[in-house]
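Reading through the structure tokens given below for one structure.
As written, the chains take the letters A, B, C, D, E, F, G, H, I and J, and residue 1 is the first residue of each chain.
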Amino acid sequence: MLFHVRMDVTLPHDLDPNRRAELVQAERERTLELQKMGVLPHLWRVVGQYGDICVFDVPSNDELHAFLSSLPLREFMRVEVTPLATHPSDLTAQP
Amino acid sequence: MLFHVRMDVTLPHDLDPNRRAELVQAERERTLELQKMGVLPHLWRVVGQYGDICVFDVPSNDELHAFLSSLPLREFMRVEVTPLATHPSDLTAQP
Amino acid sequence: MLFHVRMDVTLPHDLDPNRRAELVQAERERTLELQKMGVLPHLWRVVGQYGDICVFDVPSNDELHAFLSSLPLREFMRVEVTPLATHPSDLTAQP
Amino acid sequence: MLFHVRMDVTLPHDLDPNRRAELVQAERERTLELQKMGVLPHLWRVVGQYGDICVFDVPSNDELHAFLSSLPLREFMRVEVTPLATHPSDLTAQP
Amino acid sequence: MLFHVRMDVTLPHDLDPNRRAELVQAERERTLELQKMGVLPHLWRVVGQYGDICVFDVPSNDELHAFLSSLPLREFMRVEVTPLATHPSDLTAQP
Amino acid sequence: MLFHVRMDVTLPHDLDPNRRAELVQAERERTLELQKMGVLPHLWRVVGQYGDICVFDVPSNDELHAFLSSLPLREFMRVEVTPLATHPSDLTAQP
Amino acid sequence: MLFHVRMDVTLPHDLDPNRRAELVQAERERTLELQKMGVLPHLWRVVGQYGDICVFDVPSNDELHAFLSSLPLREFMRVEVTPLATHPSDLTAQP
Amino acid sequence: MLFHVRMDVTLPHDLDPNRRAELVQAERERTLELQKMGVLPHLWRVVGQYGDICVFDVPSNDELHAFLSSLPLREFMRVEVTPLATHPSDLTAQP
Amino acid sequence: MLFHVRMDVTLPHDLDPNRRAELVQAERERTLELQKMGVLPHLWRVVGQYGDICVFDVPSNDELHAFLSSLPLREFMRVEVTPLATHPSDLTAQP
Amino acid sequence: MLFHVRMDVTLPHDLDPNRRAELVQAERERTLELQKMGVLPHLWRVVGQYGDICVFDVPSNDELHAFLSSLPLREFMRVEVTPLATHPSDLTAQP
């Protein structure tokens, strides 16, 4: 089941630089991990933003919430979730 | 080059039913065609909406504009275009 | 899997009165049917509005989209879908 | 009398961690208590958010205000209250 | 129990003038009636608008919804309802 | 002359607790005083908010501005002023 | 007493051209009249808009409402009223 | 003196097709004319929109308003005007 | 050439009180100075706000930008600039 | 390929003055450099704002993202990117 997720990060300018570097590295590792698990089939950076557009593939709302809550930068993100359905004209879904 | 496109359709309630059916069918055919051309690698229906989230893959802004202008329902759509960049943690883009 | 759905209806003032009465009656019947199927465990009218707040219980995004598309007043509604997760302090979900 | 309440929590990133843990624990206890009192028949976590959708059942506006003011995290919440009426097509309210 | 209600009227410019006059007169009569019943203790016209700010005094949400639904111009109004509580510094409510 | 005023208070979470208590007490006293002067015929607390809806009765814009500027919590308030006129269907204003 | 008023006109594209010409001419005459009466000391056209920024000088809210209601294009205007006070650094108001 | 102008066109779907074609052709001619006069040094189409971003070079606000009012599609446009100043780091404006 | 300027000031609550007093005094002096120069023919305080509505009279956009940049409180202001044109029904501009 | 970029800078009022001066100087140098490279054919200051309107000319979305990320004040900017296409009535693009 697919969900479109827009994430926008705002790090406080007075955040300790070591804490910042750790968080950014941990976020990167978690993001790679989610891709290897097949949970995050698409992710893009939005041009000009510290923000992403992602598509998650998960079996339930509860699992999506758990994955989003596991992101190290979660506290500094604005997140917007949009449930997706199969498009009636999706070529790969035609009978 | 990838662009995220959100499209929301509003058909006037007094549109002639034949005209409506023709437009919807033409939109469907054009959408399948763009997928076969490789221009429209992803498209989803937004749950509960007469609206789509798509990703276009095009060589330039001018070509994206031409493709969007070619949609039969274009006149009845609100369109929002967001340019995408490669994500620094995209697994498929790692060296 | 639960989804929160806000629906707001706007009927055009020049809609044929018979068509209007038919649509409203059909919407009522479909709403009762969805409740009997167990798909729509909660629905409320928003005070002062021709609008509802509902909770749907469905196995997938695609089925939610199909149920919402089956509403007779769908064409005249603004719909907003919010996926819900179990609350960590929900008494009925405590171990 | 039912009220729909959306609550969104934003904790300042420089809040003392002990204070934070105390507040979160106190909020959890108060939430369980309100459910046991029958005042809070429904609560859900919004997917991807530190935010809830709740339904309160109270005898008056003043009591709703008192319950909301008693939440330990109240100071850090954005709260939106929507009064609910019985839906004309609610199956459980049919004569 | 008090509720603050903002109402804004938009009449379609092509509404039949007789129908318009009837509606406006019926609205006026219903508004006077609600005042005589004690349901509508305050109402003001917003300067420069075809819009009102009112305070309703009703025993429940369901009754408020019924009163609002009974307004002849309801179909042409945007309505916004805000529940009110006693102010802690209200002079008339001091012990 | 009547003015509708919505006030929403946001106190910084790191405000000194003594300063906070002083400000809240001073605000309370000023609010009671304005009522005794007849300047503030109506005030309500908005359910679920640290915010008020008030009606001021003043002879001029300049005096309204002076009264609002005299509120001890003024610095921490968002204020929205709406001028009110006599409603054409106000029962108490009928000839 | 001064009030800042922003007015934005939207004429329906299918309005009868004679009716349109009459309304525009009547609006012009009323606007000149209000200036001669001293009620409308300032008015400007907003660049690129069919919209105005005005300052009204009136003895009360009720009179401002009556003047605004008397505008022939009132039905087709969005109006926003902002009460003004003497500026503490206004050169002409210095003692 | 430079002004940034965003224009978005919405043509009513029931506009007579001949009238539409005439307006679009007249708009095109006027746009070419303004460029030849040197008044419109830059214009672009916004990707995916029936909308433009332009830069006008005019001696005064009044002349800008006159040029914008002369556009044949003016009635169907939403226009947003932003005054521009020389950028302190503009290479061509360095001494 | 006239420009309508709305300015809203937000001073951080932890600003040093001496710095605050200096800035407010400097702003006052600069405001009086601009009026004496004839650059600022109108200024008003918005009722209930720490905000102003002004009209500037300047020969060019660059000069307007320079004047606005010279305001001592500029760093703490939200500024909105709207270019004004002569109104076609301005009595003082009639031939 | 052209992109319209709006940038708005907000520097925290408690930023160290030396750090501020360094950042502003570095931003200036990078801005001149991008112009010399031909990447930034147009840039303007928005009147009354610490904000710019720019047009970038780049071969791809990824390069635009890299250029925007290289701006020394990037952390303190809100950025909005709009892809541009050739205007059908652009005089310089006529055959």
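The rule is short, and it goes like this: a contact is a pair of C-beta atoms (placed from the backbone, for glycine too) under 8 Å apart; a residue touches a chain by one contact, two chains touch by 3 or more.
Quantities reported herein were computed from a predicted structural model and do not represent experimental measurements.
Interface comparison, A-C versus I-J: the pair with the greater number of contacting C-beta pairs is A-C. Listed candidates were F-G, A-C or A-D; the one reproducing the B-C interface, defined as more than half of contact pairs identical by residue number, is A-D.
Here the CA centre of subunit E is 27 Å from the CA centre of subunit G. Spacing of subunit A relative to subunit H, judged by their CA centroids, is 39 angstrom. The distance from the centre of subunit H to the centre of subunit J, with each centre set as the mean of the Cα atoms, comes to 22 Å.
The residues of subunit E that reach two or more other chains are 2-3, 45, 47-48, 61, 64-65, 81-86, listed in rising order. For subunit A in complex with subunit B, the touching residues are 2, 4, 27-28, 31-32, 35-36, 42-48, 52-53, 55, 82-91, 94.
For subunit F in complex with subunit G, the residues that touch the partner chain are 1-3, 60-62, 64-65, 81-86.
Residues of subunit G touching subunit E in their complex: 3, 5, 12, 15, 61, 64-65, 68, 75-76, 79-81.
The residues of subunit B lying in touch with subunit C in their complex are 11, 13-14, 45, 47-49.
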